[in-house]
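Input: a single structure, listed below in structure tokens.
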Amino acid sequence: SGGESEEAAAEPTVAEVPEFEAGTTMAELAEQGTITVGTKFDQPGFGLENLEGDVEGFDVEIAKIIAAELGISPEKIKFVQTPSAIREEVIEGGEVDMVVATYTINDKRRERISFAGPYYEAGQQIMVAADNDEITGPDSLKENPDLTVCSVTGSTPAEQIKPYLADPGQLTLFDEYSQCADSLSNGQVDAVTTDNVILLGFVSESDGDFKLVGEQFTEEPYGVGIAKGDVAFCEFINETLAANEEAYAEAWESTAGQVEGAETPELPEPQPCS
Amino acid sequence: MSEQSVLYDAQGPRARRRTRIGTVVALVVIAALAFLAVRRLIDREQFSMERWGPLIDPGNEAFDAVWRLIGTGIVNTLTAAAVAMVLSIVLGTLIAVARLSLGRPGRIPLIGLVELCRGLPVVVLVYFGVRVLDDVGVDLSGLPGGQVLWGLILALTVYNMVIFAEVVRAGVNSLPRGQREAALATGMTNGQAMRLVLLPQAFRVMLPAIISQLVVVLKDTSLVAFIANYDELLSQGESIQRNLDNPIQTFFVIALIYVAINYTLSKLAEYIQRRQGRAGRSTVQETDDTELVAVRDGA
Amino acid sequence: MTSRTNGEPLVRLAGINKWFGDLHVLQDIDLSIDRGEVVVVIGPSGSGKSTLCRTINRLEAIDRGEITIDGQRLPEEGKELARLRSDVGMVFQSFNLFAHKTILENVTLGPIKVRKQSKADAEKRARELLDRVGVGAQADKYPAQLSGGQQQRVAIARALAMDPKVMLFDEPTSALDPEMINEVLDVMTSLARDGMTMIVVTHEMGFARRAANRVVFMDGGRVVESAEPETFFTNPTSDRAKDFLSKILNH
Amino acid sequence: MEAVTENLDAYVDGFLTSLSIILWSLVGSLVLGLLIAASRVSPVPPLRRFGLFWVTTFRNTPLTVVLVFCAFGLPELGFNRSFFFFGVLGLVLYTSAFVCEAVRSGINSVPAGQAEAARSLGLTFSQCLGQVVLPQALRTVVPPLGSVLIAMFKNSAVVGAFGVGGDLWSTGATLTSARGYETLPVYIGVAIGYLIITLTAGALLQVLERKVAIAR
Amino acid sequence: MTSRTNGEPLVRLAGINKWFGDLHVLQDIDLSIDRGEVVVVIGPSGSGKSTLCRTINRLEAIDRGEITIDGQRLPEEGKELARLRSDVGMVFQSFNLFAHKTILENVTLGPIKVRKQSKADAEKRARELLDRVGVGAQADKYPAQLSGGQQQRVAIARALAMDPKVMLFDEPTSALDPEMINEVLDVMTSLARDGMTMIVVTHEMGFARRAANRVVFMDGGRVVESAEPETFFTNPTSDRAKDFLSKILNH
């Protein structure tokens, strides 16, 4: 499924009749009048599908800002669910035009696709039950090999937590973070680790059952995944984001920013397109 | 009664009394277990309307949306299952006929294919169907329903066609040799004998096995849920409980739907068999052998 | 009885040999059956009677020798073999009615699919034949709903529907309850009277006496004796035939 | 294929984890399946009905749904064990229904005349069972039971997606999406791993079948 | 023949009734069999002969009436029933030899497990019995390796090994090839001569004439006629018996 977002945020102004150089991705999309965007459907604050089938969140709003600049209104955006493990594939396969899905920029991924952005700097952190005093950060995991931590199959956090583990058996993997959150709430795992903003979403939904502990121990710049080597599209996205500061802030505040203790971020410096 | 006769003698008064006592004890134990289960559910507030409302109370605000999702899920599950079933029965029959009529050299590659497809977990085949095919450049997205649906159908077809082939072959082989001979003696060609006499009977004999395999196909559509996005029943259940945070209730309803569909399928098979039974028992003893085959490939 | 012979025999087996693996089940069989002749084949179990019967329409292939039917050599495969088989009726010990078809469909299937008759013609003729063997009232039932004797009579009607030149019977009554044996034998006797050429493997000596022109006694894959029934039963020449008759007749 | 050779140790670990899932489930589903079969053929009506209910439920529910209940439903009710335990539990519950049916149809395939002959000699119930019915049932049970168990070995792959981690299936998932290998070679490796298990089991089964085969 | 009767009958059936669902298969059967008496039961298919035979060792439970064997009422279950059954030998139409045991083991199983004889004693006696029925050479084979006639003779030896007071035979020859029928009937005839009490359901009229003291004719679940063989065959009183005999004898 997929669908258009409702009035969750103030809609960015849709460009009237944008002009693009012929042959570029932008020209194609503008001509076509629709865009297919991969995002997560299970991540409160960034991309969550509600019962009506609409997706809501910061990633969704970012996609809308970019689409607007292409002359595509929100209802013409088709959102496709892309869990962590399949993001490169759908880009390579041309099933989506871009992926905005809490997508950490790294070199391994750059071998298969290109990134625009980053549009947000996240960092990996640890979430535990509110009454848990035992875990104070990733290092607690090494100290007590009985503790378990959950993350998502194929995600960077799953790889990055490994050095902090005494035993690989401490790591439980699911294909969605929401399953990790369920397992935390029913006591099957002791902690969940991933990017702090994702965790914040769960914390705010949990009515005080969950909390974040320790400092963030990695840097996770979120980028927009696009077809490898599409430099023009990359630059277009970077320019668009830079030019829409206000919409960017509003996007944050109406979604992930509603979580307690979340500050409105500055748009980070874009990395060079390649 | 016939089921028991191999194990038990005709009952006398003592045996009847023992059975009565056993009945009471069993009922008490089952009731006690049920009581414990229900109490645990109550303790954990699993009967609260907050958790059940969206599923069973039409007045609940989420009710319509939830059942719309479930409805789509049922349609999508049935679509994938139905197409895969038809394809695998057709291809399976062709393979079976080929294997029955080819000489030894022609049979060997077929047997190899059968062994390979049967040796792999379906979930691995589904992965190949929906992920790997895409990666190696096989584009199915042009087909109605898209890449994932057809990848899934393809995987289920490959896995199940070889099983159907075995079932049909076993069915043909279970017929008395005389059926084929009588057909040939009447002047039919091999093809006519297969088409007019053997296959129709094999399908009847193997109906239980075929149906239980269809149930397997239907259940296996849910494997796609943690491999790719196809909004079949299980995936829809996941997205409902993500929003409502009521996994037990949601998946109870989902499980119930699966059981209802599959149970209906099996009952349908029984009904058809009973109707045929009245029309004329088949030439082979049906129950045991076919049940065995059904069980064989069922899991 | 010689009057029935007009020139060429209808079925001719010359030098037939057959092996099942190492087992030499048919050894140098020579046999000619004339038009209208009724031949009963008897012999101990395993002597090759069924195999002999089944080679005549090539349900079993032979390893050596030649079989001709109505002057034509038995084809080895394909459409020609199917065509020839349609001229040879066969009745099995276990009836082998098609379980998924009604009695009427059993009888019309061959005429419609093989002889390409119209459904109406085939059904008309089928009903006549079913009446003739005395099961006309059962036409719309399924085989499993009939008694063994009735099923076997349907099987005879099914074979007759193809207007065969010769009919083969392989122990047609040995799967039947004693009360039903006679109803089948009666049909066969009347067929014999009407001049049908028949080869019948059976243990029913009464039928052999009553209806056969010739009795062929087999043992160990060979034809040991071949004589008119009266001669054979009263005065068998070989020891093996004597021994066999004593076993089978003294109760 | 360097995806496989470079990560051979990950594959070996995955293979061993899958094997241990399989072995635990094997023991569990045989024991539970026999118990359910015993109640299905017992002369006590509620037990028979319970057995039928069990078989109907677990034969008609997808393994995935059973596993969802075990991994997320049971903890919700306050039962906390490892995901490995829940995975094996789900596989055992599901497979027990099929084991039960294989055993039951094996018992039913013994001709009633065999038991009647035994009773006519004056053999008691337990002698009849032990001397005549079960030895013969065993021979017909072996092939379908073997197939059910091999199917279970294959189904163990599904368990890997429910938090168990480190089995053959999730090794594939880790290598492709976290370490960025191509899917084709990685999953050919996974497939080979499962083929080693299923083909070996199939061969063993054939040997066993030949051992218990009966001349009839 | 009355000399054989010494007081109390060995088997006594009084007012036996049995239903299968709605089907009244045995209706008010009264029957006494004396020590050493040989009774042949005949009648059309479905008349209840097998059921009658099977009620005598309670393979079928009866709904009304009383059965006594050697003065003792037939127990309904448990060890007592098992003990009584060990005194009643039974031979089935389909032999029912234990497929997974050798011929010798088939014959020794009962004596060892039920009579608690030593293995050596049981085997010695088993070999004697196998020799007596003419299959001594097959002792170490499995049932599937024997012909039907041989299997049935083993089944008789198996029953005899328990030293039964009475033997029940349910159509012991109707699954056999014609040549093998006599080898089984011969064993049965010699048993009868040796004074064994026997109840035999069969269609073999020769055997009835030769070995029976009495013929019981059943139809529709009732005993319609009961007479000495000579009287019954030459001069049956009921129409149903006449009809049945005409069907079965005229070929």
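To keep things simple, chains are lettered A, B, C, D and E as they appear, and every chain counts its residues starting from 1.
Keep this in mind: a residue touches a chain if its C-beta (ideal position, glycine included) is under 8 Å from a C-beta of that chain, and two chains touch if they have at least 3 such contacts.
This one's a predicted model, so the numbers in the text were calculated from it and none came from an experiment.
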item: For subunit A and subunit C, chains touching each; value: B
item: Of all other chains, the one whose Cα centre sits farthest from subunit D; value: C
item: B-E or B-D, whichever has more C-beta pairs in contact; value: B-D
item: Cα-centroid distance, subunit A relative to subunit E, in whole angstrom; value: 85
item: Approximate Å spacing (C-alpha centroids) for the pair subunit B, subunit C; value: 46
item: Gap in Å, rounded to a whole number, between the CA centres of subunit B and subunit A; value: 39
item: Interchain centroid distance [CA atoms averaged], subunit C/subunit E, Å; value: 36
item: Two or more partner chains touched - positions in subunit A; value: 86, 89, 175, 182
item: For subunit D, residues that touch 2 or more chains besides their own; value: 72, 76, 111, 114, 116, 119, 161, 183
item: Touching two or more other chains - residue numbers and ranges from subunit E; value: 59
item: All chain pairs that touch each other; value: A-B, A-D, B-C, B-D, B-E, C-E, D-E
item: Of subunit D, residues touching subunit A in the complex; value: 71-72, 75-76, 80, 83, 161-163, 165-166, 170, 173-174, 176-180, 183
item: Subunit B-touching residues of subunit D, taken from the complex the two chains share; value: 41-47, 50, 56-57, 59-65, 68-69, 72-73, 76-78, 94-95, 98, 101-102, 105-112, 114-116, 119, 125, 129, 133, 140, 143-144, 147-148, 151-152, 154-158, 161, 169, 172, 182-184, 187, 190-191, 194-195, 198-199, 202
item: Residue numbers on subunit B that touch subunit C, as the complex places them; value: 176, 178-179, 181-189, 192, 196-197, 200-201, 204, 276, 279-283
item: Subunit E residues touching subunit B - in the complex, by the definition given at the top; value: 58-61, 75-78, 81
item: Interface residues, subunit E side, partner subunit C - complex; value: 44-45, 147, 177-182, 185, 203-204, 206-207, 210, 244, 247-248, 250-251
